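In what follows, structures are represented as structure tokens.
Two complexes come next, and they have one chain in common, chain A, joined by chain B in the first and chain C in the second.
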Partner chain A sequence: MKPVGRFGALSLNVYFWAFVAFLFAPLIVLVIFSMNNSMTPTLPLSGFTTKWFDQAFSNSELTGAVVRSAGIALTTSVFATALGVMASIGLMALRGRALALAVATLLLPLVVPYISLAVGLLILLQTLGAGPSLGAVVLGHAVITLPFAILVVLPRLRSLDPAMNEAALDLGASSLAAFRLITLPLIVPALVSSGIICFVTSFDEFAIASFLAPAGQPTYPIFLYASVRTPALLPDVIAIGAIVIVASLLLVVAAEGGRRWAERRLVGAGAALEIPVEEAAISVIAPG
Partner chain B sequence: MLPPLLFVTVLLLVPIVFIALYSIGLRTNIPGNPTSFSLYNWKDFLTGGGGAFRSRFIYSMKITLFVSVVTTIAAYPLAYFLSFVARRHRYALLLLLLAPFFTSYLLRVIAWQIILNNDGVVNSLLWSLHLRPHGDAVTWLIYSNFSVALVLFYTWIPFVALPIFVVLENMDHRLAEAASDLGASRTATFWKVTFPLSLPGVVAGFVFVLIPTTGEFIAPLFVGGPNNQLFGNSIQAFFSDSPDWNYGSVLALTLIVVVLILMVVFGRFLNTDLRAGPRGDS
Partner chain C sequence: MSKGEVSLVSLTKRFGEFVAVDAIDVQIPPGGFFSLLGPSGCGKTTTLRMIGGFEQPTSGQVLLDGRDMTGTPPSKRPVNTVFQSYALFPHLRVFDNVAFGLRRQRVPRAEVRQRVGEILELVQLGSLASRKPGQLSGGQQQRVALARALVVQPEVLLLDEPLGALDAKLRRELQLELKQLQNDVGITFAYVTHDQEEALTMSDRIAVLNRGRVEQAASPRELYEEPANAFVADFLGVSNLMEASVIGPSGDGVEVRLAEGITLDAHHGNLATRGATKVVIRPERIQVEPAGSGGANRVPGMVTNVVYLGSGLQLTIHLGFGRDVTALVANTDEDTATRWTPGAPVTCHLPPTAMRVLGNEQATQLPAAAHSVDEPAPTSVVP
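Take a look at the complex of A and B:
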């Protein structure tokens, strides 16, 4: 007997696809209204236009905020991923209580609420006598994304055959050369995944940025927060928002496709499909 | 190893220590205030005149618990569908479920604001279909408990389905087969075998929504009214609008402690089965 009967399978199908519709509805609403010829996003629709995109791209405050956030996110993802590789290599060498303590410390940012961390960082900045700055935002974002980098890179490192690295060392490579020539190329897919996750997280982060960014240099989320209260800006927000949404959906699909392709090349054909990002998220709960 | 540990220490642990110092008056941002040890703010929040913040905290936890329970229940059939019905395409469909999660949270919240507004998509749809007289809006759609809970539910459901799916995938399906071979009905097999075995995933999913929602403050900023602000919003207010970092630190530290307690309480249940590899036949 199959675990689900015919009626059960049908009901679950309907339930699942209804949820997919529910999950995508807000995204579709943004995309539709980005091309709707009306100042206000209401029904019925008022005809097709691309004028909001032109208007949004000539809004230098908005595009400036997007570019600023992209810069912060790029810096964050490189920085956090580098720290994540260092941490992962260090964790590989630890055992027992030291491992548990190091993992707990490194993954702590996952559970500390962003709002508490944000005000803590604000206090730290003030104590150091430093004002708000985009650099401070990058540091804050690197703290919250470091666990993601570790959770993506560490399983990949663990999956490597230690014999490969040992062979390189036996053949006379320095440990740095062995890392650069053997380990690094093998963890490239994980580095890309980590980079994407850190980028997306930073690009969208509001709590920390709202406390640490200088007043005249809003990040994209800060700009969004300020502008939804201004009806005249809403069409611009929706237009850029639609582009961001579509771009990130394409990125997710491309990243997943690219990852599968890379895994096949690295592991060889016929390798079992795995879902590292998601499984990494699970292993948050049961580290070590 | 050392640089990342040092990094987290300086930028996470040290700030928490500073929050603690502010909460007991050993440091202050208010010019002229004495900096000496005082539990005044703690007493005020826990037992004294800070009743407004206590009730804000209780309201927050109620919403959080409600959203976590409802989200977990609603997510279970999604995971079950992926693991037992979708079979061949389950990873592609899982990606479909998770994809919105990887797009901007703020934009999705703004989209919900556009949908639920008094002159938003839902109301204008009702008007143009003549289901309600023009201008007569369904007002509980936004700036209400409903809107805040809906946005949080919407945000976390894919992420709750995920651990349940992983547990269902890693489960030994021969156990369920054995149950049905021995004459158990589908319902009995599910409730006596499959569901108990999937509980670690259910708890994990519950925690995945409980932890972030406890500190949530963005959804109420966009779709909550003055009465639907969460505890996180109170913290934000103390550090921006009317700066009193001492009192704000009491609330910020309370939030950290509550989340850590939740983590310790529920973390114990999460240690089994979650790290096993994918089933062989995948």
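Take a look at the complex of A and C:
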């Protein structure tokens, strides 16, 4: 790092800790109040309890919504990552203007407001004679998470020596066998990263789900939004929120650990395959 | 008929407007070590990729033992490649890398183990079978790539500058090993390189490529001693190219005029040539003598630069009529290194048997990076 002087170092420190506080304070507050023995989340704290967790878990509507969202998120992440791999392989064959155009088209959902996508999807589905359904939510989430999958998978594919594929073909492998035996194992770390990002994005997505989820089958964010207006449900919501925070933290830590382990296993101890920076960065910021 | 004969029949590859390979006809004899030699961008790698099936020719044919291979995918050709980057599979152990091709052919498990073991012994990697490629040195990786391609017993092995990434000392070791290996296995090797010394060391036959065309295809000795044109003379080692005019027959050869009042005899090359052309002489064939020594085929000059090479001295000598030549003096006695100094007047003996007349119909342009000590060659030579 460049020497920044005493004042520079101080302001950098202040900035960093202010940033961390701003980012994590709401999460910490949520965890603290989930164990506060009071119906209302206000200070002063009135004693430790775990009853809200018991109550939350016995609220079948709430747990149902969480399970429903997890299912949607899991399906979305597998679906979007598979599509992302296919799209990335296609992009590898393009050059110049065609590549720029294809990338711009595929990444378009990043800059389109989710609410517009949601309205458009609903109209499209109704035109096709289908109404809201959990499948429709998955489709909508696949649209918005596909760009993330491509952004993670494509750099990884690009980092592979194209001669490896040619070597596999040269040694008698079909294109499919070359992909299955050579390319696929080498992009596993990117698939894990992509899966996590798509899962998290889908899990807390509200706008699209609110348009496409059928009545009586709310996703977790929809249920939360509806229940914050019911004071009696607030402690349950806070308790589940705390659990989700801790669970996603554990998920990301485990996945990152797994990714590193896979990386080491791929190339053997003491040697490192170059990991695209974007991929590592995205997998770190994924929980936010 | 011996297997592994490759014929390229007016093979052409265009990338848009750019003609990478321009209707070349090359015969690669079976069981030999054949090199495609040329500067970067001459089309040698594209040619190799067409033999391997990774590029489709725009027109022309690749024949393998008389069978047309055009349109046959790489996986169906009895030809294997050692890639410049080695292209080892980083997630597979050395053993599995080498076994890859055999397993694609559904070779029984026990036979896979036996054949992989044998080939790894052949390239001296028997003890490293369970390592991953990332844990090997560059030279070891190169051997894995070689073993992986050889184990499937191709009729032709293609090698795309496989020693390019290695340091000079290791390169020289592996050059000899590779040649030895080729002798042992008896498979046709088609080797791409831009390094003329490497090509000369290893090859039975070399095709010199330039701008998508074959300049000359011959044995290393022929290419060096009897270059067909200025490009070949210049690309294979340092050579002195001099513009000259052929006057007429003289003794065993012809009389050439280098400049006003400077006429020499030349005994080799295209002796039917008359008029303006070029003559070439290798630096090691120029005999540098003390100033004033008499005799035929001698030109006075002055040393302008001396480079100490260890095994000898490389002298730049400015000849009286305004031309620089490079001469190589072997370091044969203790005075050699100090005898020649810049500014010293000398006499250059250019023996008639070392003087080679080039044909004057070709108008080859020299590459920008050529080691010519000559002035830029004119692009057209009037017959």
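Basically, the second predicted complex is superposed on the first by the 249 of 288 C-alpha atoms of A that agree within 3 Å, B and C clash if a C-alpha of one lies under 4 Å from a C-alpha of the other, contacts with A are read in each partner's own complex, and residues count from 1 in each chain.
Keep in mind that, in the parts below, a contact is a pair of C-beta atoms (placed from the backbone, for glycine too) under 8 Å apart; a residue touches a chain by one contact, two chains touch by 3 or more.
This one's a predicted model, so the numbers in the text were calculated from it and none came from an experiment.
Trainee: Name the contact category of A:185: first (chain B only), second (chain C only), both, or neither.
Mentor: Second partner only, chain C.
Trainee: Using the touch definition from the top, say if A:172 reaches chain B (first), chain C (second), both or neither.
Mentor: second
Trainee: For A:250, decide between first (touching chain B), second (touching chain C), both and neither.
Mentor: After superposition on chain A, A:250 lies in contact with neither partner.
Trainee: Of the two partner chains, chain B (first) and chain C (second), which one does A:120 touch, if any: first, second, both, or neither?
Mentor: First partner only.
Trainee: Check whether A:67 is in contact with chain B, with chain C, with both or with neither, and answer first, second, both or neither.
Mentor: After superposing on A, A:67 lies clear of both chain B and chain C.
Trainee: Looking at A:139 after the superposition, I want to know if it touches chain B, chain C, both of them or none. Which is it: first, second, both, neither?
Mentor: Touch partner of A:139: chain B, not chain C.
Trainee: Touching A:21, do we find chain B (first), chain C (second), both, or neither?
Mentor: neither
Trainee: Scan A:130 for contacts with chain B and chain C and give back first, second, both or neither.
Mentor: neither
Trainee: State whether A:104 touches chain B only (first), chain C only (second), both chains, or neither.
Mentor: Neither: A:104 stays clear of chain B and chain C.
Trainee: Between chain B and chain C, which makes contact with more of the residues in chain A?
Mentor: Partner touching more chain A residues in the overlay: B.
Trainee: Enumerate the residues of chain A that count as touching chain B in its complex and touching chain C in the other.
Mentor: 272-273
Trainee: So in the complex, which bits of chain C are touching chain A?
Mentor: 52-54, 73-75, 80-81, 83-85, 87-91, 100-101, 104-105, 131-135, 148-149, 152
Trainee: State the interface residues of chain B toward chain A in the complex, per the touch definition above.
Mentor: 1-5, 7-9, 11-16, 18-19, 22, 27, 29, 74, 77-78, 80-82, 84-86, 91, 93-100, 102-108, 110-115, 119-121, 124-125, 127-128, 154, 157-159, 162-163, 166, 173, 176, 180, 186, 189-190, 194, 204, 207-208, 211-212, 214-215, 217-218, 221-222, 232, 235-236, 239-240, 245, 248-249, 252-253, 255-256, 259-260, 263, 267, 270-271, 274-275, 278, 282
Trainee: Contact residues on chain A for chain B in the complex?
Mentor: Going through chain A, the ones touching chain B are 1, 3-5, 8-9, 12-13, 15-16, 19-20, 22-27, 29-30, 33, 40-44, 83-84, 86-87, 89-91, 93-94, 102, 105-106, 108-109, 111-124, 126-127, 139-140, 142-143, 146, 200, 203-204, 206-207, 210-211, 221, 224-225, 228, 237-238, 241, 244-245, 248-249, 251-253, 256, 272-275, 278-279, 281-283, 285-286.
Trainee: In the complex of these two chains, what residues of chain A are touching chain C?
Mentor: 161, 163-164, 166-174, 177, 181-182, 185-186, 265-273
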